[in-house]
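Paired with chain B in one complex and with chain C in the other, chain A is shared by the two complexes that follow.
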Partner chain A sequence: MALLKREDWYDLARTTSWTPSYVSEEVLFPEEMSGSRGIPMQVWETYDEPYKTSYPEYVSIQREKDAGTYSVKAALERAAFVDKADPGWVSTMIAHYGAIPLGEYLASIGEARMARFSKAPGNRNMAVFGMMDENRHTQLQLFFPHANIKRGRQWDWAHKALRTNEWAAVAARSLFDDITTARDAISTAIMLTFAFETGFTNMQFLGLAADAAETGDHTFASLISSIQTDESRHSQQGGPALKILIENGKQAEAQQLVDVAIWRSWKLFSVLTGPIMDYYTPVAGRKLSFKEFMLEWIVGQFERQLLDMGLEKPWYWDILMRDLDSTHHGMHLGVWFWRRTVWWNPAAGVTPEDREWLEAKYPGWNKNWGRCWDVITDNLLNGREALTHPETLPLICHMCNLPIACTPGDGWDGQDWPLEHAGRLYHFGSEVDRWCFEINPDQYKGHQTIVDRFLAGLILPPNLKGALKYMGLAPSEQGQDAHGYAWIEKFRAAKAAAA
Partner chain B sequence: MTDSPLPTLKTWSYLSTGARRRPSEYEVVSTGLHYHTLDQNRPWELDPNIPMAQWYKRYRNQSPLRHPDWDAFRDPDEMIYRTYNLVQDGQENYVYGLFDQFNERGHDQLLDLEWVRFLADAYTPSRYLFHALQLGSAYVHQMAPASTITNCATYATADHLRWVTHTAYRTRELANAFPGLGFAECERERWETDPRWQGFRELVEQALVAWDWAEAFTAFFLIVKPAVEEAVLNQLGELARAHGDTLLGLLTQAQTRDAERHRRWGVALVTMALEQPGNREVLTGWLGKWVPLAEAAVEEFCAGFPSDGRAAAQRAKHAMASFRGSLLLAASHLTQPNLDQ
Partner chain C sequence: MAAFPLHCNFQGDFVLQLILVDSEDTMDEAAQKCAYHTVGRRVAPRPDKILRVRKHGGDSFFPRELKVADTGLRPTETIDVIFADS
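== the complex of A and B ==
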């Protein structure tokens, strides 16, 4: 062979640490950026990334992937799927594109944090590919929705959302900043790549791709499943970092990083992905329920991986199992109720067929959330649309920045989890959110939720109009019911038939 | 905000400036992506005083190099991800084609042994130097105040990993052809102790802790990299050709294509910075700080050449000065003092 194999020279390309002498190692790798936790450089040099690739392989493979993804887009563009798609599915795309592309771009900074400050040379090299991947994901997920910009102002939010103070954007930033950019390199490897990208991106990119394919949106399915092939490579950076922490007496700290990141990710997914999968996607296109996807992609995967790694399941696992049945239903109800405050048109997703599906997937749904939807449906049937909009602000959790959601109806379990810290009273949506704060209050204590800002006089005038202005939502951008309430007609017909 | 319906858009509202020109794909996917620059006192949606918030406030938001709209920066190459891979896949096919062909024809076996010993001292340890460029670019990436700057640093970081990779590849080939000369074993020791590398090592160790984003950009992209590219790519490449090492000459030439792209956006960024009063003095100060260290590094490196090291150093320093001159030229309509030291 005239060409060497990758394994012949790969180790040399990641043997790049040296002993600095013109500046100290501590100065070259400041602890706040590096997070080596006192573990010596030579130990970090044992870091061994399980998924290996090289520069020439990377540019070749990625070139091919992009050729495929952009070709699918070009080929299907004339079919104008968006114009024929169910409005609920269009909302899915608009919500996804608003929340994701700039978050992906932020993740490239997290990757760059590792690329510069990780003491593990293998991590530093792999993170360069991670930086590139996130650059790709940003550009794809801006280019694709941009093609729809003439179809309505909400498509603009693919670029705009995370640049505003819209409440869901604040919640998304709160998570992304916490696990992606506001921590040291090793924390980032664990929280971003191990905890978030291993499982949760599977949910968003493979789970949603399955729904997209079922719905007939092959452009979106091809796009996000291609993205996930990158995620599944660079998400493997966290595992070897965890291994080093565990082997060097930092197991408790590692466990805590994992636990916080999984919980915080779950909460954002409960408002972003849960409603999309269980309500916006037409019933016929729902491959699995959100809970089933969670059980397959998150619960099962983490249980295996954490135990393999020598870690425990998070202490709150039973709480998470319980909340899989409830949290996202409350979030969905809230998003639909406060629909004018989001950049997409929430689909109610509660036709008789939907409710039948929901009851089958979540036994007891009708006795709990169904009760609220009964009232909403009744109001709409009787021309009282105004009553289906809120007149108050929700209570916002000081950890996840999402409304404190609970189960209504027979299963009523409404509870605030307050905490007084340094003279300030905080509110949390669960004991786990409160725990995330309690173990690291300095990370969060000075942050103001949207409601804090309202009460502090930062939102003027202090009413809904002022709030919408603060959130950057003009009338043609504010969410409406995705189907223009057409879904109530089946109830009207049923009522007429019964009369 | 008006209550009347907003007009239909042709592109992002962010780019809808009223100009009739349709934005390019580059602009659609590259501009205005750093949301954390919008509130200068609270970069992250967390407590505004956590260490990472302070780091960004101090080293990015309070940089002495100021511009009211860094987001207006545009990469003259308008490089985006998919074109980067297209270009670099082609470049890598060329380089690995070279590796393949030169291996087939027994290139290494034909090299003079003295030259091979020289490569062990003066070439293969360069992967540490290239890795330092990789680290420096990754820092500029995470600290730059505009996504259009960050993107340039993203691709530069990957390019530097490319150079590391080429060097690792050639190191293994040379180790296979010449066991016992320390290839693939002694590079770290030579990087840490051989006098020819100490100037560069001092330079990059110092530059890697220039935390201000603009100083890091200036140090790496205007001073350190040109020094490395002129001495370790161009002069070493020339020397290689003179010693029958055509492969190294062609390899460094191929790597220089990346460097030329880095310089194009570097010049564009300096030109933009010089639009603002006060920035010329800031840049001049940084050049004054880093140029002497870089020139000393070049001299020490070239002093280890088997012949004409002094002349090679002069040529490298001249080329570096010429590049700095091009910064001045690019901004000549903006006035005065000489940026060169």
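== the complex of A and C ==
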């Protein structure tokens, strides 16, 4: 029997809306879950997903892709790349595996919400595949690091990180909850798929894949570039949802969802991807700077897409452009200084060659960030390692849950953006973080940052030891300088030569 | 006397930090508690300067002998600590 072509049956088969008779439409699609915003079902049925696939096609393609990725892993495992790789690159993998796999699982919950509660049949259909994608991504990114657990317990944080109160894990959960698990189906389509996956996963998965290939890590490159092909497909769910909102008088609301999600995603990637690209990856393996990646993959892409869609650039675009030169340098310095509180070993990435590269990519780096690293380097050269560790907590932003950092040194611009709301004093790292809170305080007001928890007596004993215990970091899991401070030897040699 | 948490925005440093001072500390004492977590760790000492405290973003310093309890600052409020000539 001849099979119909997919395009001959797809639209009819996936339009699975019907008129409920046992319950009302409102009960079948509760507003807080579906987010239809008063737009009638018939309008949502016009949702036209740009990428169409069937279940047999999905299974066939994904089986082939996953088989290829697993084959690369099996073939290269014998080469024991991890044992020979630069420690900075190993840290990149451990940081990635801790932050991403269970985030993928949270994304599958968001996809499941769209699959069940979106009033757009095309959205529901695509989200089923998206849900399977995210489950596969979780499995892949738990399986790959598992092979390395014999090399150290930090690799186990692929499973562990998002289940702990470790500060970076709290920041990641806060973002994923806000754009994925704590929103209605249409908000999820826009915030998770359009804002987060269109641009930012591109950078993490394709940008990092390029660095991985340059570094010789073909297993990681194959894994994450394979994942990105799925992300590119299911990220297209947001566009048609935005189109319907815009055409039905909800443009301002759509713009706000996009603006919040892009900002919050940017902040998380500034601590996750920024240090990896500009500090952990060995200089020879860096394809582009983090800022260059951001300009190419995020700024350029979003500017085109938003304007094509009939939306505007976010109101804070000039602030974002400015912060591309600074935010991730502060995040990196913070992660390195508070290194015992993370599950990977941060590479300082500030040898003389690194600093030359940083100055070239970020003019003024030496007179700003370099001033702090000068003091740190001097302490290490003179046996004062204790002074390269903290004895207190950084102030944590009540939106992004990351330290409130600034440009240090000659360009010092430290600023808190406080807000009193319902008698409580909140702190924010930027006016944009504060704006995200102000437009929707009920979404965020109950959250306690690590500093709030410390002051509330939840961290005992109230010191670094208590904080490490609270974060679930056993001694062998706590971060150390990735290269065991070997990088200071070049400074020592230069000093000796000059003497 | 009571523990009084403040956040410190220290000139030249890259991050704002939680500092536990005492409500009876003078501004000079509070500044020294802030310096402990910054100077010599990420900001080079400046022996030719003294440290002055102001309300975050303010344009004048608190008197050096003023006690934390008398500043009007709220717990967890942010202060600036600045290298000054006098």
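The criterion applied here is as follows: the second predicted complex is superposed on the first by the 498 of 499 C-alpha atoms of A that agree within 3 Å, B and C clash if a C-alpha of one lies under 4 Å from a C-alpha of the other, contacts with A are read in each partner's own complex, and residues count from 1 in each chain.
Heads up, the rule we're going with is that a contact is a pair of C-beta atoms (placed from the backbone, for glycine too) under 8 Å apart; a residue touches a chain by one contact, two chains touch by 3 or more.
Keep in mind the model is a prediction, meaning the values are calculated, not measured.
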item: Dominant toucher of chain A (residue count), chain B or chain C; value: B
item: First (chain B), second (chain C), both or neither touched by A:Tyr55; value: first
item: Touching partner for A:Leu102 - first (chain B), second (chain C), both, neither; value: first
item: Touching partner for A:Asn382 - first (chain B), second (chain C), both, neither; value: neither
item: Chain B versus chain C as contact partner of A:Asn125, first or second or both or neither; value: first
item: Which superposed partner A:Thr138 touches (first chain B, second chain C, both, neither); value: first
item: Which of chain B and chain C A:Phe337 touches, first, second, both or neither; value: second
item: Chain A to chain B touching residues, read off their complex; value: 2-4, 8-10, 12-13, 15-16, 18-23, 27-28, 32-33, 54-56, 59-60, 62-63, 66, 70, 101-102, 105-106, 108-109, 112-113, 115-116, 121, 124-125, 127-129, 131-132, 135-136, 138-139, 142-143, 146, 149-150, 152-153, 155-156, 159-160, 162-163, 170, 173-174, 177-178, 181-183, 401, 442-447, 468-469, 472, 474-477
item: Interfacial residue positions of chain C with respect to chain A in the complex; value: 5, 7, 9-20, 36-37, 40-44, 56-57, 74, 76-78, 80
item: Residues of chain A touching chain C in the complex; value: 329-330, 333-334, 337, 369, 371-372, 374-376, 379, 387-388, 390-395, 403-409, 412, 414-416, 418, 425, 427, 451, 454-455
item: Sites on chain B touched by chain A in the complex; value: 1-6, 8-14, 25, 28-30, 32-36, 38, 44-53, 55, 80-82, 84-86, 88-89, 92, 95-96, 99-101, 103-104, 127-128, 131, 134-135, 138-139, 141-142, 147, 150-151, 154, 157-158, 161-162, 164-165, 168-169, 171-173, 184, 187-188, 191-192, 201-202, 205-206, 208-209
